[in-house]
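Next come two complexes, and both contain chain A; in the first it sits with chain B, in the second with chain C.
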Partner chain A sequence: MRGRPLLFTSYEADQALMPTTTKKVALTVFLVALVLVPVYDVIPFAPDFLAKDDWLKVLTNVMIFAIGALGLNILTGLAGQVSLGHAFFMGLGAYTAAALGAPEGPLVGLGLPMWIWLPAAAVVPALVGVLVGPTAVRVRGLYLAIVTLGLVFIGEYLFRNTESWTGGSQAGRTFPRFQFRFWKEEEPLVDFSRKGEWFGIELSNEAKTYILLLGFAIVATLIAKNIQRTRVGRAFQAIRDRDIAAEVMGVDEFRYKLLAFGISSAFAGVSGALLASFVGRTIPERWDLLLSVQFIAIILIGGAGTVTGTLMGALFVIALPRVVQDFTAWLSDKIDAGEGIIAKVGDVFIATSGDDFGIVNTLPGTGPGLSVFQLNLVIYGLLIIVFLIFEPLGLYGIWLRVRNYWKGWPFTY
Partner chain B sequence: MTSVVERRETPGVGEGYPTVASHIRDWAQKLPDHVALREKDYGIWQEITWKEYWETVLDAAHGLLALGIEPGDRVSIHSEDRPEWVILDVATVAVRGITVGLYPTNPAAEVQYLLSDSGAKVHLAEDQEQADKVMEVIDSLPNLEKIIHVEPRGFREYRNDPRFIFWDDFLELGREHRKAHPGAVEQRMAEATADDVMTLVYTSGTTGPPKGAMLTNANAKYAMDLVINVEGRLPGDKKPSPDDQILTYLPLCHVAERIFSTWTNAAAGPVLNFAESIETVQQNLREIQPTLFFAVPRIWEKIHATIIIKGRDATFFKRLWFALGLKMAGFIGRERVANGGLHTWKSRIVYAIGYLFIFRALRERIGLRRCRWAGTGAAAIAPEVIQFFHGLGINLYELYGMTENSAVATVNFYGRMKLGTVGEPYPGIGLRLDPETGEIQTKHPGVFKGYWNKPDKTAEAFTEDGWLKTGDVGVWVDGTHVKIVDRIKHIIITSGGKNISPSEIENSLKTSPYVKEAMVIGDGRKYLTALIGIEFDVVGDWATRRGIPYTTYRDLSEKPEVIELIQGVIDETNKKFSRVEQIKKFRMIPKELDHEDGELTATQKLKRKAMEEMFGDLIEDMYGSDR
Partner chain C sequence: MTELASRTETHTPTGTTHLLEVDDIRLSFKGVKAIDGVSFHVDEGELFAIIGPNGAGKTSIFNSINQLYRPQQGDIRWKGRSLMGLKPNKTAELGIARTFQNIALFPHMTVVENILTGRHIRMKTSWVAGALWVGPAKREEIANRAKVEDIIDFLEIEQWRKHPVGMLPYGVQKRVELGRALAMEPELLLLDEPVAGMNLEETEDMARFILDIQDELGIAMILVEHDMGLVMDIADRVMVVDFGRKIAEGTPDVVQKNPDVIKAYLGEEFEGAE
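So, the complex of A and B:
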């Protein structure tokens, strides 16, 4: 029935992704806006700084982390199983991709095309996830966190010591590029890693890679959303809310927990493979605890259990360092220029030279105060604490609150 | 026959008199795949098309034939509103039986009275609760042969009782009968006559036991032609159509809901949406956003109170907007009421601005955003309430009628409304005021056949020249519109000899969100007094905000602060009335009034006699020192 958004005559309509025309239009506009980011410099009124290559790289990173975070969100947000082992599965995905997709050389590499190595990067971690799952499924809460923590360290050790696969500690290895081939032809059919002309528009390799990964992120979002709103997703949520009650209702706890591990690991594997390919050369130490914590930060800051929140979290957490960096750079420029209230206040916080006192240090190398990188860690930590205490639903919760304010208009309840 | 439906060429059997059943059959022919009914079940609105509706009716009708229902036999229905209610109702009419509806709140004693008075042969008890009621009194119901139950749960105890049959089994029985005797129901329908009694509608019985008013097929046809399809009732004279949505939530055994749901659906085809229960009406309203909405004053008062209270509870910024919105609504309401219910150019501009900022959202929240016509009737309503809704842009019209004349009497036509009146008589009907008493009397083909098995009561209901005595006192306003003064037997004559209508004062009191029940007393006394029942939720909320602790309804009612609050309401009302109509004293009713305790009728009307007996000491207390 038109114009009656609350009248559902079927469960399909009740669970529809885009129930109203307004939502359809809004989402289409948003997607078009995302696709057009690389050409923002020629579109009037668009924020043209985003179209610069360095910002495109940041956005591409957001997409990659979003895919991984969607996976962790299914395991932690939906099924309620805290996992610190996400980095391990990402590494596994990355090295699967490398072994299959990287050109033949001193290290293992079969030079197979992307349509083989990318799905394999999902399947192998998923299988391993299901294999190690049974040990993890037996424990819950804090104990599960410790078990998965162990996984990260085992993984790191393995990666460091399987040198013919990973290149070994400190050396690392290269990963397959974003090129599309049918089989092992010389010239790739579509090459995302070289600049070129598409539909009469000259695009840099960053722009092409951005568009490719935007596509992957959209597909991953659709899959995550569909898992969430179907039987499997409901089973996960039942287990999260109360595992015993879920079992009483007929949800096979063991099976669904394994499934959650499997799905989550598949997302992680793809994300890891994409990340490694995007960066190009990566050392085994890349897949460490810090990476896992970053994902935990994404889903907690974004809003555990919600797909939209996870995407918001990915944008926030990945873009934050860049914003902080730009901000401190802008501030130290101001301070160097001297006068003005901003310079005075900023000077207290920022150390611009070796003997200057400041909480944050913009100088290269070590100095008094925190580096920008350390500052980011502090901000993550603070944000996680603040969100857990004051806004458990994360950024999404804030959005919900804003939305409900207008939804309730002109009343409050 | 309505103008909308074209009659099909019927093969074989001849056409009977048009009944509710034949209308449904015609819709099933014309719009087989269009939605006819919707019921919320397992969280979503399940749809029933006209074809499915009619097929189920046919199965049920054959089921009734299999149970041996002969023309004129009574089938009683004791259930909340649900598709099975109307299906069995229509099936009964199809086999020329007589439907008797019971209120879900009827206690066992009343069930016993209604079933034995009507002599029902087949009874539908919705669930275990209603089945228990009938089983309590089954021994005094010799005519009752079969009890159909719709809910399977809780019937283990009656599993081996051959008198019980589950709804699905009943339909299966019908299907078998249909296979064995194809066309038997159609045969019955072809034999239908104008004079067939189709339903007994029991009057609510504010005095004495309920009486079953016999309504015939001709009565129903007349009500459909006038109440539903009369020219000029709806905006733009766009008659009800299959595009319209109706929310069915008032008891279907009441003539008002029967006309505005079942009969409107049959005559003009709007979709009936069955509310889950009376408690979820506000939620269901928001979901359905009906285009045609009929409600009794109690519901309008409740929506009005909800809006005011939620607006007051809103956060600061919203509260400012809300206050502004109310100001605009007040202006629009005044303009429209002065203009026969139509917008003036001034009110239209204010409304257009207000619509953007508040009215659209507000109407969406209360579920009346798409409402093109709203009606109120069945009891008196305070004019302020109607004006308030006009201010929000909702076309709310008061109309008047009663069971005995198939609700055909007066209506406020679109654009010709006069506030405080019940409107103009329908075109072509006989309606007059008794020159002596001012009683409204009607004469037209919608007037009922008589009371079931009560010829003496039937005789009392008519004047010597055959006009129906409605029992309501009215006056003409501007020679065209009728204003109801009160029920003839409610009119208070004070010891000073003044005639006073208590309803008007009571309704004015009830416009306050704090007052749920009000009963004005003073017949044969020196001055007027009142019994007041508070709206527990609202006053409770009010008390909590002021930090007044309370426990029960009675405790809250008797708080000095609450009495002071009500005194304020009384003072406010007294300002509107002349000196003799002032309420000098009042007392709080110490309990929530209830149908099962006998203070209210099934339609939530006060039983004045019962009230006077029950709270006699309170009343005497108010007059004590002066006697």
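So, the complex of A and C:
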């Protein structure tokens, strides 16, 4: 219907993923823009810094964390079960991938191709999730958080002590690379871990990996969105909002909580496997509480219960450290140059030499003030508090408000 | 279902089988007797009302039928089969729907989504099919969306279709909750104070919907309500409970004249003073 985008004449149109033309166009443009990021340096007016390998790595990390966060969003955002155990399931996925996909060597590794190790990295954590689930789903709220917190520590202990699988504490192990093979042939069909030419464009390995993971993130987003809008997603939300009413509607609370646990763990496992493979070498201590907290931060800052919000949260939380780092570096350059008001104000915040006072210390080694890493933690914490108090729908809530403002513009509603 | 089948054998229904039979149930919470031996039955298509002062155990009876509470004694039979010991979601699958005294909608979901949740037991495709949005799951979602529209039309809540229910006015929320229960296509509907806190117009609207449900959809209902005018006007039979015991049962005009009922509602005349 021209001019009446919200007048639907079929239930199919009413329930479509992208019900309006505006949404379809916007999404297509956005996706094309994402795919083209690695060649921004040759496209006029594009933000060319994004095409640099180190920024591509940041964006690739965003994709990986987005996949994991979409899983946690299903468990915490939709089904309302707060879990701090996400890192454990990520580790489980990573080591499943390593055991199956890493080349044979001193550590367990079968050298199987990616189409085996990646699905396995989803299935194994999901099964473990469903196995430990019954203990967890009996408790709710803070108690569940504590139970899943225990899972992280048990997991870390296990990972540190199963050296033939994980390489053990401090040493770690290597993980399978992003290579497509039929079976164990020498030359991979498609190799994302080596630079080369695609369709006449010379791409670095970072660029190729980015495109691969962008693809995975898109698939994960579609699955998460479909889960949310179909029968199972409504059952999850019903349990979150009113568990007794949900049961009286015929939703088997126990079964669906367990299912939420399983699905969330599968997403976590894939995310963990991809993260480990992307980094290449990882120690067991990587799968710690801090990682879980990062995921909580993503969905709370982004907007719990919304897929779009989760993606925004992943971009925000993962890109933030890099932005802070770039910003402090830029500021200390200004201070060193010693000119202007920026230098004066910045000097209060940043310590550039040993005896200089500053809230943030950019110098290597110890000194007074926070390191850039610690500053990030402080910012996460502050943001979680601020969003919980002022905007429970997170970045997505802000986006909704901006969108609704412009929808009605110039009227206020 | 095998579990159910074996249960039926232990109970030999006497004479004709009623839709729902509650047989001398007793429920107590650590010495507080919430239900103290209540029996009644509901037949198909019947509008049965339960009234009684606050704390008489009306909602506890509902919770027992849903198996949210487990009565320590007695039996509740659905078409001759015992419901005792089933999970609450199984009672829903058997055809018992319910609304709550304090609205228990899912506040973050829209009206359509809430009523679609009521369709849960009528939908069959697995979550995997849903996650991939493949043929059968997609068709089922769309077919059930159409069913939801019938209910929205029936309850005249078209204008609130896409609103999150948490933001809707109280009277509308009550209607949405009724719609969610109707979406289950139940054979018995438990209505817990459907007009509590409503003004006259809203009450009459709701009464009209209740009568329409009885006439057009033929669903049996148990109505718990404090609005005596409404109960006496629309109920086929009324049961009066007080302190967990049944004190009267019968057609509205019979119950109204019962001295025990008058005593329970108006108190006893002090006779000791001559």
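Here is the rule we go by: the second predicted complex is superposed on the first by the 395 of 413 C-alpha atoms of A that agree within 3 Å, B and C clash if a C-alpha of one lies under 4 Å from a C-alpha of the other, contacts with A are read in each partner's own complex, and residues count from 1 in each chain.
Here is the rule we go by: a contact is a pair of C-beta atoms (placed from the backbone, for glycine too) under 8 Å apart; a residue touches a chain by one contact, two chains touch by 3 or more.
Please read all numbers here as calculations on a predicted model, not as lab measurements.
Of the two partner chains placed by superposition, only chain C is touched by A:Arg231; chain B is not. By the touch criterion defined above, A:Leu259 lies against chain C but remains apart from chain B after alignment on the C-alpha atoms of chain A. In the superposed model, A:Thr9 lies in contact with chain B only, and not with chain C.
When the shared chain is aligned, chain C comes close enough to touch A:Val251, but chain B does not. Which of chain B and chain C touches more residues of chain A: that partner is C. Residue overlap on chain A between the chain B contacts of one complex and the chain C contacts of the other covers 11, 14.
The touching residues of chain C, when paired with chain A in their complex, are 66, 68, 87-89, 91-93, 97-98, 100, 104-109, 113, 116-118, 120-121, 123, 125, 127, 130-133, 137, 140-142, 145-146, 149, 180, 184. Listed in rising order, the residues of chain B touching chain A in the complex are 38, 43-47, 245, 286-289, 310-311, 313-315, 318, 321-322, 325, 358, 361-362, 365, 370.
Residues 1, 3-4, 6-11, 13-14, 408-413 of chain A are the ones touching chain B in the complex.
Per the touch definition, chain A reaches chain C in the complex via residues 11-12, 14-15, 17, 222-223, 226-227, 229-235, 237-238, 240-242, 244-253, 259, 263, 305.
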